[in-house]
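The following pair of complexes shares a single chain, chain A, combined with chain B in the former and chain C in the latter.
And then the complex of A and B:
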């Protein structure tokens, strides 16, 4: 009896409390941003960067009073960079009302989340996944990508190679789908530019000793080397190539090589390596200069990394789309994004309606000292129309 | 050609220093030590921390050997010695657990980023061999592996503990009945893992999983050479180092498969490895 009274009492108090909270909440409910990202495992460092970028953007908006008087709120959950965990955590976020998702690291995670978005009534803005399929064969109406997919990186290799004086080239690429693809598109670009390919090497993923490959590149007489290695492979290759003198005697360029993380790990060794740069804090646009200054103030003089810049661009698009839609409902926001043009760190950038890929410029540059610090420095800018191939046709985008 | 042979010697040398520790602990305690890879990794990280803090490569080498030796005493007392009476599957599980714990500990202390370390200034340059430049540091690795091989075989043949180790790896029960105490050897085992980790640091990127990635190759060395055989491990490491290199040059599509094929062949032809005397 007593227990029942207690229960009743509790329910009463609970209902009253809920009512009391609900009234003001209706007036200005927060806009909830969910970040399912890697906080542990191999990609934890990248996940932390995505988190910092989202939090930075949210604080910036909230300091100005939010969007239409509504404050932004973030929740981050750990995906361990595993597709199945990412799907589970994204679902949890969506069920708790964090239906606008962004900041996920691995392409596999994005591909696992994409088909579920409709059921969750959620939306996913890709800022780091590079797999072409997300805006190609596996495209869905609720996925939008603001970063560069692999095919955009491939598209600028051909015009860039035409500007190089080296005639003999070798390729060293990881023996996985991504590396093979990159090798293939480089070979095509070399042919188109009348360059001679003197060696193609595909070391196994996770190779410890690159010496036999480095030796063969040296023997091939290559004047330039194209590298498509990532993570530990990239570090091992660069360290060993430096010791063999290859980095000093040969022109070395690559994809996924000139990033802030690689520079941080390799230090001096990375100096003079060329490559594709998707975003750099040295980007010369007024919007980026403002962003970098504010970022440095917020994070003790740190400059934003490429992943931080790209995730911030994702937040810029989300915020502007909510403003335009005058709603934070995922479907309304998605309709505002599709085909819309947004102010980003790159300038004005459009999200194509056909495949939901943002059309943005892409860059080439090298690792060098600027302002007393080693960093990726942009030398060549490829305008958005040149850097973005037309929609592949593999994406049959249903109507939103 | 000569340069590729030298490259094979470098990788074989690294594998040898690592495999020696596996052979010693198996000969002595009959423990298949999966944690060995993580000790290699801890050696690399400790050496890295000291070298970057004090700016002295050699101090890093010395300190990592000392730290790993202490860790060796500890592991032997609480893990390897109690485990020698257990079922082999228990030792595999426990040592694999240690590997996971050490990897996570390193991840907590040094973070998830890859790290890299430069060779000491004296060894940073290149040497001209047949008109081509070859990194001095790699010659140092070859020299060090040779020194370990010579030192170890002298120690095993000349010293009293060496005699005990050899006796123990041939017939453990009889050796124990005779009252031989071989406890000090475990220090050497773990210190050897530390040395190889530290020495490989300027060649390989430091990451918590680096030990795991090289452990497989060194297990192949141990199996091909014969479990518990020191000379077997030496020759197996040399052969696998060369196969690794020339495989890449002449049979690139099969390069990663060749060491495994060799191991399968050896296991069919001589299950105890080419220098092992007992199964």
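And then the complex of A and C:
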């Protein structure tokens, strides 16, 4: 009796082992997309937007039968927007087979992941990180960016700043790679336009009490303030700046500051604030109109936000590159991406081979009422060639 | 069970006795198991998670040692862990001296710092001591965050290590299979070293001070230096964990210094059981995998960890390790007497 139980047990173990061996072979059938993004903390709102956009794109593709008969599968892990956590979670995803990564929020996270991609045999498509270094000094063959880096934003801030009458400016930006980058670019733009910079403030990422910074901006005598704060930082700053009267006494503009989602939260507080608009659901392209309609149907009439649109563009590029490569191996997909032209929400957009940056238009506007709703409204459109500076030359891209 | 009976049941052997033969067998078995594991477990993911878990276990051992041997609760052990990381990373970033020197400093400097700090702060009892360690830890965190030019600020930076360290290819420290063995050996050697240490005169004196500092002082013992030494030893173990972490990840950020890491280390130690030498290490490994699992299941994983901590502290006051020992004793009623 005992012996028989043993053999039965052994057969069971054997069967389990055989299944375990087979499982990876079956898993190869699906194409795995990994999303290491912020689901908790200061950038949780951004991370959830990235997650929604990836899931939307995946459902869309799977409803059509997948790519070449292979379904897409997504796994999302929380990075808390911390570089070291992002690195760990991305590694975990890559080792579990989710080697095509996208949807990460903070630039510091992207910069921490980039040098590891080769070791993980992974690929990272940037849809929200803005630090120039990712497609500049720290570029690597397995990183591609479809959103606007800081230098693209700076390229449209410079001419716009020339049209403003305010002569004294201050900067308030998050003390992380992106905020520092934006502050530096704005300082250069101010100088080029003969404006005086009266204060630069870099509150820590995740600051709750902005009162000391707001007071210092007021004391500096600035007539205009440039803000590079996002997520909960943006909400906290804007709410407190309203209470302290800064928004009423000073001209305010920024980047990723008054976005579709922060405007929803802030309401009238955000009215009249100017800023860069990287993507808007109001863009007048056939592809975008189709996307917005499908999105509204999927999400109870909600329109896609700027971060959702940008992350969706990342998924468009990933899907088309896999189709072209006829493979979901990161290296094959990367080769298809480098130098390729893709159908995106903006129209046809090329990813430059020199630095893996996508060339796309950029927009500027302010928060106002449109269609009975408060939202960022585009006033100026900068065409792709005008909005995208040539490769900085800091990126020495090794061959793929 | 009275408190005394409990602690005697949990102590492996009476203090002062020479290490029994079985302890050497345990040491050999533990080392062999660690060396064999990467041969058996083929999943790279499992090995990389185990490696991180063992490094967490070393940090938890550091915190647990301080509680067990000095009765002091540290809320700032991330400072020693993170300092070790920055001692490896910063000289490489600014081209100051060879990485081999940095690694020695990464372990030595936090230890020395802890000894000097210890001479002052171990005199302060209870919560005040914990608050001081918290303040010291956060001071380093704030510096790493603010001194952007030097440390890279919030974003941290990748450590550029040479191809070989002490003639060993750096690759060895970054491949999960080999790094797991290194981290495991470090943990086992540390636990074994501490096991021997508790049997020495130093071990008994510090235990006496922990139980009643005033009485130990009246008996003529110096009570500050021994406790500062325990604090330094605990920092040394934390620094070893930080060194391994930095070599493995080749990346540092202020998170390595943040109080939340100190808090996690403390949770690991409590969950594992601080009465036992190996309790915190067990807690570290369990905590790591639990956090990993919870993170896979829900984005509200911090709540799951909080709830579990409450359940463990209420239901298992001696931690998982203590519960295991009790279970074993119940299964083998005569087992406790074999070397009694």
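FYI, the second predicted complex is superposed on the first by the 278 of 400 C-alpha atoms of A that agree within 3 Å, B and C clash if a C-alpha of one lies under 4 Å from a C-alpha of the other, contacts with A are read in each partner's own complex, and residues count from 1 in each chain.
Keep this in mind: a contact is a pair of C-beta atoms (placed from the backbone, for glycine too) under 8 Å apart; a residue touches a chain by one contact, two chains touch by 3 or more.
Because the structure is a prediction, the values reported are computed rather than measured.
Novice: If you stack the two complexes on chain A, which partner ends up touching A:115: first (chain B), second (chain C), both, or neither?
Specialist: After superposition on chain A, A:115 lies in contact with chain C alone.
Novice: Looking at A:148 after the superposition, I want to know if it touches chain B, chain C, both of them or none. Which is it: first, second, both, neither?
Specialist: Neither: A:148 stays clear of chain B and chain C.
Novice: With the two complexes superposed on chain A, say which partner A:204 touches: chain B (first), chain C (second), both, or neither.
Specialist: In the superposition, A:204 touches chain B and chain C alike.
Novice: Mind working out whether A:107 is in touch with chain B, chain C, both or neither, as first, second, both or neither?
Specialist: second
Novice: Looking at A:335 after the superposition, I want to know if it touches chain B, chain C, both of them or none. Which is it: first, second, both, neither?
Specialist: Neither partner.
Novice: Could you tell me if A:96 is touching chain B, chain C, both of them or neither one (first, second, both, neither)?
Specialist: Touch partner of A:96: chain C, not chain B.
Novice: Show which residues of chain A both chain B and chain C reach, each in its own complex.
Specialist: Common to the two interfaces on chain A: residues 204.
Novice: Provide the residue numbers of chain C that touch chain A in the complex, in ascending order.
Specialist: Chain C residues touching chain A: 43-45, 48-49, 52, 145-146, 148, 153-156, 158, 174, 249, 251, 253, 255-256, 292, 295-296, 299, 301-302.
Novice: Which part of chain A faces chain B closely enough to touch in the complex?
Specialist: Against chain B, the touching part of chain A is residues 41-45, 201-204, 206, 208-209, 211-213, 215-216, 218, 231-232, 235-236, 239-240, 243-245, 261, 264-269.
Novice: Taking the complex as given, what residues does chain A use to touch chain C?
Specialist: Residues of chain A touching chain C: 39-40, 77-78, 82-85, 87-89, 91-92, 95-96, 106-108, 111-112, 115, 119, 175-177, 180, 204-205.
Novice: Where on chain B does chain A make contact in their complex?
Specialist: Per the touch definition, chain B meets chain A at residues 3-4, 7, 10-11, 111-116, 118-119, 124, 126, 132-135, 137-138, 202-205, 207, 209-210, 213-214, 217, 244-246, 248-249, 252, 255-256.
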